[in-house]
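After this come two complexes, each holding subunit A, first together with subunit B and then together with subunit C.
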Partner chain A sequence: MNIVNRRLDLYALTWRLPIILWQLVFFVGPVVFMVAMSFFVVRNYRMMEAFEFANWERMLTRGFFWDSYWYTLFVASLSATIAMCVAFPAAWALAFRASESVRRWAIFLLVIPFFTSYLVRTFSWYVILAESGVLNAMLGYIGLGPFRMLNTHFGTIVGYLTLTLPLVVILQTVSMANIDKTLVEAARNLGCKPLATIWRVVLPLSKTGFIVAALFCFILAFGDFVAPFYLGGSQEPTLPILILDTTKSGQQWPRAAVVAIMMMLTLFTIAFTAIALAYRKPKGARA
Partner chain B sequence: MSEPLVTFRNVEKRFDDFVAVRDMSLDIHEGEFLAIMGSSGCGKTTTLRMLAGLEAPTSGEIRIGGRLMNDVKPHERDTPLVWQSLALFPFLTARENVEFGLKMRGMAAAERKRRALDWLERMQIEAFAERNVATLSGGQKQRVALARSLVMEPRMLLLDEPLSALDANLVIRMQGVLTRLQRELGITFVYVTHSQSEAFAMADRVVIMSQGDIAQIGSPKDIYRAPANRFVAEFVGRNNILSGTVGETGGNGLHIDTPQGRFVAHMPETVPAQGAEVSFTVSADLVTLSLTEPEAVNKVQATLISEEFIGSVVTLFFEGADRLEFKVQMQERALLELDLEPGSAVWLSWEAENANILEDN
Partner chain C sequence: MAIKDKTTIKHYVRRDVLRLGGGVALSAPFVGRAWAQTTEINMLAWYGHGEPDMVGAFEEANNVKFVPKYYAGGDNMLALIAQSPPGTYDIILSDGEFVQQLNAAGYIEELDANDYPFDDMLHEDFTKFPGHWEGDTLYSMILRGGHLGVSYNTTAMSAEEAASYEGFWKPELAGKVGHFDWHLPSLGMMSLKNGNGAGLWDLTDDQWQAVQDVTMTLRPQVGGFFDYGGTFNSLKNGEMLAMCGIGDWITGVLERDGAPVASVIPKEGGIQFTESYCIGKNSSKADLVKSFIQYMMSPEGQVKSAQMLAYPGFCVTKAGRALLQEVDPAEAKRSHQMDGMPNDPIALINEGRIHYRDIPKQQTLEDWNDFWSEYKNA
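And now, the complex of A and B:
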């Protein structure tokens, strides 16, 4: 019995080893190094090993860091909220009104944007959003505009949605398509109006999928550099832009590490809270 | 009799090319326990869903309490349904499930809590009121589902095979709960099932459906003893079906000539013409078995083929002249005294009044 167990363990370990090694070398290692680096110092544009809190003190006591931090948190949350709202009608129709085959095709089509580079998709917005672009030309016909849309907060949000919206629609559709439809009918049968079934029955039942979708959207937007840089014009720098600026100006890699660690801590906290909420047992089922 | 609570007039329901319910006319009376029974796909669940407004009839009229209901939305009706899957909301506690309908009506929190707890107590599950429904047993969930519908105080309760997921003992117990509730509340129950034992044990009237049509409506006893047609005769109970042509119509009943001989059957209300093809049924439990030739009008000689033992009752399968198959039901105890074995030759006989002429052939 013991021998069999040990053999099984060895077998399992052999298969797990590559992924463990990969994680150690390319994830745990760099993170440890980054944490260490945040205590290094830069003198004469050269990074030197040290253990000083100067970088932390400098970054965390300056207004520009916190401005950027709260702004990034705000736009990432806003874009997650907008993506969830914009995606919902489409996902609802796909889950409840469309046939099985239409739903399959729609999900396939929603995957296609990921085939092309995100950067290419971002630059294609220039054609549409520019001062003399497609959208302003169309608005001009009805006597509106032109509006400045590039290099604004609006541009940043458009960029974030380009990245996340297809994914959010897919996640929402899948979580609602798996709902037991008789529960919606049961609610109607007990006097629930059609629209009210959405928040009385549909949302509680697809809670897990929806929280995961919003979380993904937030994480992607929070860490994205392309949208705020190219479409937002880095007017108000987000944390990824701040990292870039910090490394560029005076080789301040240690200070950039401080920003990166703060981002990771934030994401860990939010992701952990969200997952705990998503998988929380309903009332009366907790031990 | 007073105005019926529900009337179906020539109701038809189509799904594309498939006719789920065909030209149905049916009255459901206030306070009755009506069972709609049939095999899957016969249209019984579609009928129930039309009552709840979850399907709209393609043509015809459905009225409840005199009001035309064809286009009334489900949430505007007072027709709570107990679902086959129970359809309890898994994210709510037992009490919150029961309160759901009252909340939709806009009842104040304290009042709906009181009513929900009353019903949970009546169903003897008040101890589980604050438990999530996923943690309850099958029988407890069943009671929550019943309470959730009955707390609405409806005139009519719809039930879609609610006992099909329970084990046999629990089914018997819940049958008792349902019949008692129906009698105490005095409201109409419309109960859809594929189970003959459930329908016959509880219902005042049974509707037998077949491929979208009503095959027969009647009391359980009527349907059991006098099936109207071949479908019902084969679907319900254990019936022997014999076919032949009408001979002379004597005073003591209808004479029918079959390949197995001449038999006398109970005179039906509409007497078929001489020479017409007719079939009649004899319930397996109304056949007398004897070792010597009996003094009876209707008798055949047959050989025992096999037997099927289900508790105290045994079904015996016989073969008679001209490949006639015959089923006889009797008490296990009575069978022991006869000391039969496969191949034994016996006489089977029955009274003329127990031979029931079918409407179709």
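And now, the complex of A and C:
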């Protein structure tokens, strides 16, 4: 029996090994190097190995770092919240109202934007959001505007949603489509109002999928450089923009590494908290 | 019949493949030799300098192929060289102010001044350009320059308003002033606005603080910070009506397309960017690179540089300027490269209104960058 188990373990290990190696080489290795690099120093534009806390001290004591940090946290949270709210009606309709065939087509169509480069999709917003763009021209017909949308926080959020909204709709749809519909019908038959049904039946049953969707949205927005730079006009700068600025002047890769590590720590904390929340059993649930 | 046809096709394909394979095998040495004759020249430069409009004619005439690696900013250039083995780059196009550091680090070869047209320079400064010489030894050959000042949309700002950096504070431009996202030219302009003149890079602590203070007062006017593409787009689509930190190198391209934009050197003075060629240390193609630099310093090369598609720059030789006026008078006129024209780049230098771009003398680049980050966050 032990021999069989050992064979099974070897078999499993054979399949697991590539991903373990991949993670070691392309994730753990670079992270370890990045942490080490944050203690290096730059002299004459050349990075020198050292173990000094100067980079940490310099970055963490600067007001602009914390301004960027809190702004990035805020704007990524806001984008996740908006994406979750905007996606929900569409996902609800696809999960509960649409036929199987319509749902399949809708998911296929939601995947199509990913066929095009995100940068191209972002630049296409220039035509729509510019003061002389399509949206302002349409608003002009009803006597509104022109409104300034490019190079604003609004522009940044539009860019984030371009990146994340299709994914959030798909994740929400899939998690709600897997709910046993008879439970929803039972709630309605027992007199539960639509909003209460969503709150007390649908959301608890699709909690994991929803939290994962919001988490993905947050992670993608938190680390995105393109939207805040090209649609937000780099004001205020988010942490990815700060990384670029730091490397541009004096080639301060070690200081940029400090910013990157702070981003990773934040994402790890939020991701683990979210996952714990997603899989937490409700009070009174049977083990 | 069908089987026969099939067989015929099979035989035909096999024979054809054999014939083709044999042909390829026999001709391979000749193909290899033909390829071997094309010499690759590795170039490190700002975007556009290795494109066909600049190097195509030389490539064709000399059977060489330029392999450009583009950078953005002098420190980026230094870092790329520092991280590469010696001899990686055969030719380096450097900003004038960074040549001294290239030389100090031993990244570039000496040049022979007799190889280049120093007797034909449009301005005396170009013959002994700061940092390009160490004693009597030449290390870099000045190729071209461009002036940075107030860039603006001519429908939103008058030439009189643009004649001073004060124009950026015009109330009607609130939220419509953009910055090229590099601290050096923008803060240099703020230093000029504060009256630091020729000492714009050599600021005492008090002067540096005053530059920071005045820059902060501009923040409410600012609508964004842009890279090359963003600067270009925002001026073109009217999102930004004035731009700090650039000059004709961007508005010139838009002007050629008919956009209502212009750049002027304000009364407080302007900044000159200077681009110069260096031969990379230990380059095995130094002779070819020397020929290329000579070609670019010839009247024909100078015209190519002035007409460069990515961004224009003015000629530094008399013969180059004369040929430009002859073959492309429209561009010569647009870029004021004509004697007696207002804003003639050479006349501006003579009048003492132009200051060569440099790096901070009493602060570090990181100090300036830290303030730039604070400013962007304000």
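The working rule: the second predicted complex is superposed on the first by the 270 of 287 C-alpha atoms of A that agree within 3 Å, B and C clash if a C-alpha of one lies under 4 Å from a C-alpha of the other, contacts with A are read in each partner's own complex, and residues count from 1 in each chain.
One rule holds in what follows: a residue touches a chain if its C-beta (ideal position, glycine included) is under 8 Å from a C-beta of that chain, and two chains touch if they have at least 3 such contacts.
Just so it is clear, the model here is predicted, and its values are computed rather than measured.
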item	value
Touching partner for A:Lys248 - first (subunit B), second (subunit C), both, neither	second
Partner chain(s) touched by A:Val201 [first = subunit B, second = subunit C, both, neither]	first
Which superposed partner A:Asp67 touches (first subunit B, second subunit C, both, neither)	second
Partner chain(s) touched by A:Gly191 [first = subunit B, second = subunit C, both, neither]	first
Shared subunit A contacts, counted only where both subunit B and subunit C touch the same residue	none
Contacting residues of subunit B [partner subunit A, same complex]	52, 54, 73-75, 79-81, 83, 85, 87, 89-94, 96, 100-101, 104-105, 130-132, 134-135, 148, 152
Residues on subunit C engaged by subunit A in the complex (per definition of touch)	72-73, 75-76, 78-79, 82-83, 101, 105, 175, 178, 181-183, 222-227, 230, 233-234, 237-239, 364-366, 368-370, 372-374, 376-377
Interfacial residue positions of subunit A with respect to subunit B in the complex	180, 182-183, 185-194, 196, 201, 204-205, 207, 281-285
Of all residues in subunit A, those that touch subunit C in their complex	44-46, 62-65, 67-68, 71, 126, 130-133, 148, 150-151, 229-230, 232-237, 242, 245-246, 248-252
